[in-house]
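Okay, so subunit A shows up in both of these, paired with subunit B first and subunit C after.
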Partner chain A sequence: MVPEFWNEFWYGLPVTVQDAIWFALLLLPATLVGIVVVWSYRPFSLVSAMIWRYRWTNALFVVLIAISVGLGVGLIAQERGIRKGTARAAEKFDLVVTAPGSEVQMMLATVYLQPVDVPLLDGRTYDAIAANENVALAAPIAYGDSFGDSSVIGTTAAFVTHLAGDLADGRMFAGLDEAVVGARAGLDLGASFTPAHGVGDAAEEDVHESVSLTVVGRMAATGSPWDRAILVPVESVWKVHGLPLGHAPGREGQIGPPFDPAYFPGTPAILVRADQLWANYALRSEFTTERTMAFFPGAVLSQLHGLLGDVRQVMSVMAVVTQVLVTAGVLAGLAVLIRLYARRLALLRALGAPDRFVFSVVWTYAATLIGTGAVAGIAVGLAAVGVISGIVTARTDILVEATLGWPEFDLVAGFVSITVLMALLPAFVALSRDVITDLRS
Partner chain B sequence: MSLDLVVRDLVVKAREGRELLSVERLDIPAGSRIGIRGPSGAGKSTLLFAIAGLLRPSSGTVAWGDQRISEMSPGDRARFRRENVGLVFQDFLLFEELSALGNAAIAARYASRSSRRAIIAAAGAGLERLGLKKLGGRRVESFSGGERQRVAMARALANDPGIILADEPTASLDRTSADRLIEDLSALSGGSGRTLIAVSHDAALHARMDRVIDVVDGRPLV
Partner chain C sequence: MPKLVTVLAAVLVGFAGVAIAHDVAGEHGREEEDAHHHLAEANGVRALHAWTRATDEKTALVFVTIENASGAEIRLEGAESGVAARAELVGFRLKDGEPDFARLPFVPVKPGHVLILQPRGLAIRLSDLDHPLAKGEEIELEFHFDSGHLPMHVQVEATDAAQHSHAGHQH
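What follows is the complex of A and B.
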């Protein structure tokens, strides 16, 4: 039972201070052992000499520790970076309404632009949503076409602004043949293109061959797959497919809402944003019907992360197991390395050096290799995370900004503490060796 | 402080039980210079290690003055060596990456705070006396065999021991270096009251000793 005053004290501390205390506590065993072992002796220059004597062997040992620690650190940091990146990509999608189906599938299609064939929502549904007094933004998200590796999405100008703010370049689309591209889409301003019907390998490039759209603006980066998308007026998508343009006769040139339900051909999804947070919940409830499904992508993603939490735990366990294996490897390696120094250690003992001094030399030597390897491992982890984040971002268009945080530092601190404690064993073993045998070796 | 060595009924056996050394009686007065010789495998070095307290005999006693090192714990024997014994080995056994002074004063690293300065000063003085003052700051890896052995001697003298034990000190040296080392050993022991016991095949070294003990089949012929 933790006393109340302690809880108040602990949770009253800034989070960074709590993290720093945890880190210090994890390092405490190593620090205490170090102080006790080295107390009143000066083994350091002797240890430097020992390390320099077999510098390449020792360097290899440090590199092996660094790589192992770096992999563990990188694994955890990368997982967190991906989680944050996917969450960031979804944060502009407050509430999404689609036809009933799988929330995960619809989220992947709407937020991460992984299109699927889904039933369309009709004009009556759109109108009901758009007319709701709590709705600030109701934007159709009409996907299904593509150009190269970019999805072509029909939507409204308000959604473009909601998604990425002011345009980074050019202007908003104002006609049926105009488009705004994402920050990483491979089209320049003024470029014209013909969208293909469908996406990926199934895309039919000649279906819309009579259509030519021109890029007039470029969005600021969002760190999401939308950075590679091409956004056009939803009316443009309808027109390309030979459908009504969403507006009553005589208003065919209109771009954007309001739409006339009678001429609204349908949309796979509608992004809804309410003025108030509570209203989102009311809207979700209201539009969760037999014909429609309303969901919060953030909540779905959270559930997904929750399910993947088991995977995360497995990854964490794997990282720890890796470190345990590394620890075992380090100990085995140390036992071998210390044999290299057996004669010198025997000399010290023959000269009358106290066992505790010889013990401190061996332990300091081991701790130096472990500590250096661990610190280098942080650098390796940082580099690995940078490289892998770049690859993941390039492949998914989800901006993954993985950086090292306290969990990684805690892992390294725990590793260092455990291994330097375990390094007491080879130090004891070194003392158990026969002095004369080693002197004569 | 120099001490008389008294050995009685000393038996050292190998792990498998084979007898390596048997000394019924050996007395060496303090300040003596003693050479030990004999064929390879006769037990010369075993005798030296036994009287240095580096091994625990199977039976019998080894006493320096009133200190029976054969009955001491390993820690007490180490302390005895630290305070009373200087050791010189055939192949020098130096830390190649340390300077000459770093090697000669190696005992300062594990000595008490109060005696560190004295050990470093003694090591420096020892190097000077052995003609290595200018090389004190250089790493010994670049030294000749003779220079290395003189560094090892300076190390043996750094704690101002009453006993110097040398195991084949000239065996790895050329004749000139060996002769110089013998001079140094004689000068540093003779008249100083230090006891010098040197295992060697070197007749030139034995010629400078007060007495030479032959060891045959694990038994000193005294």
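What follows is the complex of A and C.
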């Protein structure tokens, strides 16, 4: 059992300090071994001469170590970056109400714009949600149409502001034939387009051919698939499909809420936001009924992340296994490299250099290659996550900003410690060689 | 002789009947006892299947299903337990991509509605547990509603449990 005072002390420390202590502890074995091995000797100038003598061979070893370490840390950092990126994309979707079905499917449709055919929520349901005292925002999210690779989503101006804040360019839609585009949608301000019915390969281009919508504004980047979306008034989506416009006769020109339940054609999903977290839970309880399903996209996503957690562990194990294999390779290589220096080392010993000095020279030489490779590996890792994050962001529209953090530095520290400890073996092997034989070789 | 056989058969059937009746009554009694173990009710508020996960950490999350049949809106405000220094109502959220729980002052439940405390949702967080919780153990906890307190047993399930082992039973 851990003593109580220790728990209080440890958990009272700032997280960064805890991380730094872990990192230092993982590096401690390497540091201690280094101090003991080189104590009272100065092998560094000799070691630098050795490294320079066979610089290309040594550089190759450093590159091998760097690539191995870089891939290991890059893999772990990338997984964390994707997890955070997908979570950030879901941040604005506090509570979503849809018809009963699969929460995962509805989350993918609403948050990540992977539309599915689902039953619509009627006007009575929307009205009950919008009129609830705890609801600060109730926005219909009507998907199903597209233009090119952009989904066309019917919603309200309040949702656009909630999603991306003030517009980056232009103004908010104010008419049935106006649209606001996401930051990465391929339409300029003033451009006109005709939405297709459906999305992807199943989209029917000519169904809405009499419709022309004009882009009047551009949202700021959100780091989510909504950056590629085209947002229009929900009334526009209803009009395009020949449905009532959500408002009673005489108010057909109105854009946005309040909607008249009798003229509300339906919406696949409603985004609900309350000002307080507790109110979101109350709303969820209230709107979980036979006709409606209320869910937190963040919680569903976390469940998926939980499943991926197993994959993360597998990836971490793979990274460690890779490091161990590289360590074994490095040690085997070092044993070969030491043979290159065998004659010189034998000369040193013949001239009267103490065994411990020779030992410290060999170990310092190995530790220098390992340390340099590990540091270069961090640079390789940084470059790798930058490239992979860019590819993932371009392909998914989910902004992935992977950076190296303490877990990666801990992995590198652990790798360095284990490897330099194992580097004691080639140093012992070097000492066990016969001086006379090596001098004659 | 046939008469003796008939009497013997009647006696055996009688014993068997008594034994079966006893078993059935015993089973029914156990079920009832079990049901009472997993259900608490007061002022029209029912709490069903309270459970937590086995842990040797200092905190644990308690989950339960609360049905409001009181005819009025109620508020779940928190809880208390003899095994923890603190018991508070918390709500799940993703904070910078990582799971996080925020303390909540209360959550209202409308009449006729059900409030489910479940993993990645609402929970009662027990802090500073006075002993590790082992699977199969039961702890006592008192839910705090604005309408009064509701004491009940909390079943300790496996470390990786996702629901109460009796989930689905309509006690």
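The rule is short, and it goes like this: the second predicted complex is superposed on the first by the 441 of 441 C-alpha atoms of A that agree within 3 Å, B and C clash if a C-alpha of one lies under 4 Å from a C-alpha of the other, contacts with A are read in each partner's own complex, and residues count from 1 in each chain.
One rule holds for everything that comes next: a residue touches a chain if its C-beta (ideal position, glycine included) is under 8 Å from a C-beta of that chain, and two chains touch if they have at least 3 such contacts.
On a predicted model such as this, the values are computed, not experimentally measured, just so you know.
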{"item": "Clash-or-fit label for the pair subunit B, subunit C on subunit A", "value": "fit"}
{"item": "Partner chain(s) touched by A:184 [first = subunit B, second = subunit C, both, neither]", "value": "neither"}
{"item": "Partner chain(s) touched by A:162 [first = subunit B, second = subunit C, both, neither]", "value": "neither"}
{"item": "Where the C-alpha centre of subunit A sits as vertex, the angle toward subunit B and subunit C in the overlay (nearest 10 degrees)", "value": "120"}
{"item": "Touched partner set for A:436, first subunit B, second subunit C, both or neither", "value": "first"}
{"item": "Partner chain in contact with A:88 - subunit B first, subunit C second, else both or neither", "value": "second"}
{"item": "Contacts of A:301 with subunit B and subunit C, given as first, second, both or neither", "value": "second"}
{"item": "Partner chain in contact with A:228 - subunit B first, subunit C second, else both or neither", "value": "neither"}
{"item": "Gap in Å between nearest CA atoms once subunit C and subunit B share a frame through chain A", "value": "53"}
{"item": "Parts of subunit A lying in touch with subunit B, wherever the complex brings them together", "value": "40-43, 45-46, 48-50, 52-53, 343-344, 347-355, 357, 435-436, 439"}
{"item": "Subunit C-facing residues of subunit A, complex", "value": "7, 80, 83-88, 90-91, 277-278, 280-282, 285-286, 288, 296, 298-299, 301-303"}
{"item": "Of subunit B, residues touching subunit A in the complex", "value": "49, 52, 54-55, 74-75, 78-83, 85, 87, 89, 93, 95-98, 102, 106-110, 113, 155"}
{"item": "Sites on subunit C touched by subunit A in the complex", "value": "58, 91-94, 96-99, 102, 104-110, 113-116, 120-122"}
